[in-house]
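Lettered A, B, C and D in written order, each chain numbered from 1.
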C-alpha cells in the first residue's frame, strides 16, 4: 500500500487523515483510488495536482510507477516561468 | 550519483561556441513576432476598458464599421458560450463578457487595412459602461467590507466564512510548531509586502493569424509555447486544435509572460470575419503593461524561532497573494513550498489564500511565487542573524537543506547543491571585501523546483553526416546552442554539424512551453535520447555492412567501430559514410523521443550583494553583485552565466524600483517604460557569477534547469544589504528612495 | 493631420494662427510623438520648425551671451565647448533629458514648451536668467523663461505664438552654475526633484545668486528666499543649511507615482545644497 | 488624409515611399521598406530598440516622423555588416552578449555610434551611453564586455 500524504487543507476531505494508504501501481491508479475512497478529494484532483513519488516531483504523468512502499506527496500543480 | 561520480572528459560540453542564431540576431535578420507579413494582410487594434471594474452596457461599432477600409469588428458576442474553468477564464480575459474586470481589459477588436486606420476605428467604437466599485490592493481586497468583485470564485479549498474575494486556500506543514517556537531563544514575527511586477520582455506580444470559415487556420506568434497557444486559442474560439497550425517566431523575451494567451485569439476571429484575410495584431507597450500577465502582489506574515547558535527551531508563514481578477492565477501553490525550501526545519506551518482584485490576469514570471516567498522568509532570517550577530552564510549552512533532507513541502531531496553554493559564496573574494560608510552587504539563498514536462524531439541524420534536431521549445536564451552541444557530444561530431531548429505545431508531438527552466533539461534530454536511437540504427547499418551482430558495434567519435577483437577487423564507419549510403541501406535514419520528462533536479543558488545608500536621499547603488548557483552541468557556460546575470538583474529591479502603481481610480499609473523602471545599463555593476556543478542524476549529462532561481535571492539580499547600510529594514518592496529615506528618518 | 514645414517663423506663426483644431509645434519631437503615440494628442496641424534657417545654430550674441536656435538638440549643446564653459549647469540640465538617442533630437525650446514642471532643462535656464524670443502674428517679444510655463502642460504663449530663439546672458567673470536632479535610477527617469543654482562671486563671497527648483510645484520656481540664503555668504555650512531650509520652504509638491510630498521637500533642500557647492566651485574655477 | 512623398537614403540606398503624416520613421522602415531589423519595444523613446542614425546622429526612430527623414541619410542595423560582420556584431556573438536578441540591433547601432565618437570608452561611459537601450535578458554584463572587446580590436586595427 502506497502512503499518500495530503496537504493539511485537503485533510478535511479525507476524514481528517494526513496519510491515506491506497493500492496502486501508477500515479493514475493512485489518484483514482484516492477519489474513490474520498470523493471529496475529487475537485482537488480535477483542479490539477503535482505528485511527488519518493522525492521526485511528477507533474502530470499518470503512467509514472508507484511502488508498494512508495511515499507519495500531493502538491498543488506547479507552474514555471 | 555521488559527487565523485561526475562524468568528465567531455569534448564539447562546457565549451562556449557561437550560438547558431547569433548571426541572424546581430544583423537584424532574425524574425520576431511583429516581423511577419502576409499578402492581403489586415491590421488589428483593440478597444480596452478605462475602468477597473464596470458593467458593459452596450457596444456600438457602427461608426467604426462605416469607415472605408475597416473590415471586421469582434466582441464577446462573437465567441462561443458554455466554457468553464480555466478555458472560461482565458475567454473572459481575451474579451470581456458582462463586465470589464481591470483597467485595460479588452472589450472589442477591429481589423482594417492599416494599423493607423485600425487605431482610428477603435476610437470610434462606443462602449457604454456602468462603473462598479473596485479594489486593487491585496490587503484591501481581504478587508471586511471590500467590494466582492466576482461572485462564486471560491473553489473547493476555501473554508466557509472567508472573505468573498478569496479564491483558494492552502495549508500544509509538518512537526509541532508550537513546541518549536517554545524551544527557540528568540521568536520574531513580521509582515512583508511585494508589489506586482512585470516580466518586462522588450518585445511586445505580436502575431499574424489567418482563419477561414472552416475554422482552420495558421498563426505566427512570439510565444514560449506554441502548443499551448494552439490549445488555448482553439478552446476560446470553439475550434479544433488540430485545425490550427502555429509557428513560433523568434521570441524577444518571455520570462513566463508568454506561456499563455492574451490577444492571440482576436486576429483569428477577425480573420474569419474578414473573409479569411490574414490579420496582424501587435500590442503597444502600454497594452503589454496594462493587459498582459504581471506577477502577483503579496502580503506575507512570517514567524521564525531561532536559538542563539542560529539553529532554526520552527517556522510559520501566512501568505495573501493577488493574481488579478481571475481565480487560479496567483502562485500560492508555488510560493508556499518555496518559502522554506532552502532549509531543513523540524516544524513548519504554511498557509496561504489567493485573493482576486481588479488587476490583469497574472501570468508566470521567472520562478513564480519564489521571489516573494524568499523576500519574506530570507528577510526575517537576516533580521534575526543581525539581532543575534550571526554570520548569515553560517546560519544557512547550519540549517540548510542537504542531500536526503526532507523538503519543507514533503518529498525528500535527492542530490542538491545548496550547501555547495553557500560554501562557494563564503569563499568568494566579494564576501571578504571591507565595507565603507553607508555600505551594507546582503546574503540570501533561493530555490526553484525546475520542471520536465511533455517533450517531443526528432533528430534526422543527413546524407553528409550532419544531424538536424527538431525541438518544440522556443529558444529564448541560447538553448539551441546547448542542445546542439549535447547532441554533438553524444554523436561525437563537431558542434557545427548539428543544426537545431525550433519547429511548428505540425512538425512534432505536443511540447510544453519553454518554462519551468525545462528547455535545455527536457528538450536536451529528449534530443540526447533521439541521438542515441539514431546511433543504435547507425550501428545496425554498420553491422549489416560488416556482416556482424549490431551488439558487436560500438559508437565513438562520430563513427561505428567493431566493439572488440571478436567483432572482426573493420575500419570505422563514420556518420558521413553511413549517411551517404542510408537510402540504399534501409532508408533515412532518424531518432525520436517523446516523454513527460521527470528527473529534473531542484535548483538552489546563493547571492551576495553590496550596496551603498545615500543617507540624504535614500537612493541605493548596487556596488557589486555575486550569483552562485548550481547548474548540475553547465553545457554552455556563457548562457548559464547569462541566466544568472539576467535573473539577478530582474530581481534587483524588483527590489529597488519596479512596481505596479494603481491610482485610487483603479487605473495603472505607470504603463510605460519611463515609469515602470526596469534597470538600465548604468544602474548595474558587473554581475559576478560562480557556476557550481552538482550533476543531476536525472539527466544524461547532469543538467539542471538554470533559468529561474536567479531572480529569487536579490529581493531579500538587497533589502538586507540596505538594512546593513542604514540600519533601516524595508519590509515592503520596492526599496524605492522615498521609502528608504522615510525609514532612515524614522529610525532617527 | 496636416504636416507643415514653414521656412520662416513668420510663416510658422501664420499657419499656427490660422489653424482651427489641435495644433502642435515640432522641434525635437520627443514629447509630441510620445503623446501622439499614446493617443493623448491627435494634432490636426503639426508645424515642423526645423526647415527654418538658423534654428540649428548656437551663436555668440554681441553682448557676449548666447543665442540658441530652437531645433538645437541636446547632443549639440553638450558638444559646444565654449557654451559648456560658460553655462555648464544649463547644458547639464538639457543633457539629462532622456537617453543618448533622445539627446539626438530633444531641444531646450521643446522641453520648455512641453510645460512639464519636472523638465530638466528649465531650472538651469531660469537660474541663468535665460530669455526666449516669441514670434507671433503681431511681431516678436522677449520674455524670461520662468514666465513661459503657467502650469502642467500649459504655457503663456498665445495662439499663433512660437518660440523663435533662446538667449542666455553673458556669463561674466567669477560665475558658475549647476543643475542636479533626483531620480530613482541613474538615467531615463523624469526628475522627482530638480534644482539649479547660478551664482557670481567677488572673492569668496557670493554677490549674486539665482536658485530654481523643479518638480516641486506646478511650474518651475525661481526662489528668492533660497537665493537670499546664500547671497553675501561664502557658502559655509550655515549658509548651506539656510539654503536647504529655504528650498524646503519653497517646495509645494504633490505626492504621486514618482515620489511623496515629504520626500520631495526633503530632497529639494539636499539638492539645493549640493548644486550650490558645485556652482560655487565652478565659479572659483575649481571644476569644469 | 493625403500622404507625403519622402525621398531619403537608407544604408546608402536611395529610397522613396509615401507616408501617412502620422507615421514614424520606425513605421516607414518596417512597413514601407521591409527593414524589420529595427524593433519597436515601446514607441515612446524609452527602450532604444528602434535606434538608428540620421545624418550620423543616434536617434530613436519611433520619435521621428517618417516625413522628417526627407533628404536625410538613415543608417540601420541592416547596413552595419559588409561582406564581413562589424567587430561589434562579431564580439556580441562571441561574448554571448545577447539572449533573446530583440534589443540587440538597437544596442549595436548605439554602440557603433559611441565608438565612432569615443574609441576608448570606460565601462561607465558605455553604460551611460547605452542607458536608453533596455535589455531585460542579460543584466548588461556581457554587453559591456563585448563592446569593450570590439573597441579594443578596432583600436588595434586603426
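Annotations
One rule holds for everything that comes next: a contact is a pair of C-beta atoms (placed from the backbone, for glycine too) under 8 Å apart; a residue touches a chain by one contact, two chains touch by 3 or more.
Being a predicted model, the structure only gives us computed values, none of them experimental.
Across the assembly, the mean Cα position most removed from that of subunit C is the one of A. A separation of 43 Å divides the Cα centre of subunit B from that of subunit C.
Separation between the centroids of subunit B and subunit D, computed from CA atoms only, is 29 Å.
With centres taken as mean Cα positions, subunit D sits 54 Å from subunit A. For the pair subunit A and subunit B, the distance between mean C-alpha positions equals 26 Å.
Shared interface positions of subunit C, i.e. residues touching 2 or more other chains, are given as 37-38, 186-188. Of all residues in subunit B, those that touch two or more other chains are 199, 255, 284, 672-674, 679-680, 682. Multi-chain contact residues, meaning those touching two or more other chains, occur in subunit D at positions 22, 43-44, 46, 128, 130-133. By the document's touch criterion, interfaces exist between A-B, B-C, B-D, C-D.
The touching residues of subunit B, counted against subunit D in their complex, run 16, 18-19, 21-23, 25-32, 34-35, 37, 114-116, 199-204, 250-255, 282, 284-285, 476-478, 636, 638-639, 641-642, 645-646, 648-650, 672-674, 678-682, 684, 686-687. For subunit C in complex with subunit D, the touching residues are 1-3, 26, 28-30, 33-34, 36-38, 46, 48, 50, 73, 75, 98-102, 104-105, 186-188. Across the interface of their complex, subunit A is touched by residues 155-157, 159, 169-173, 199, 255-257, 259, 328, 331-334, 337, 351, 364-368, 409-414, 448-454, 515-518, 596, 598-600, 698, 707-708 of subunit B. Interface residues of subunit A, counted against subunit B in their complex, comprise 5, 7-10, 12-13, 40, 43-44, 47, 52, 54-61, 64, 71, 73, 75-81.
Contact residues of subunit D toward subunit C in the complex are 1, 4, 21-22, 24, 43-46, 48, 51, 54, 57-60, 62-65, 67-68, 110, 113-114, 128-133.
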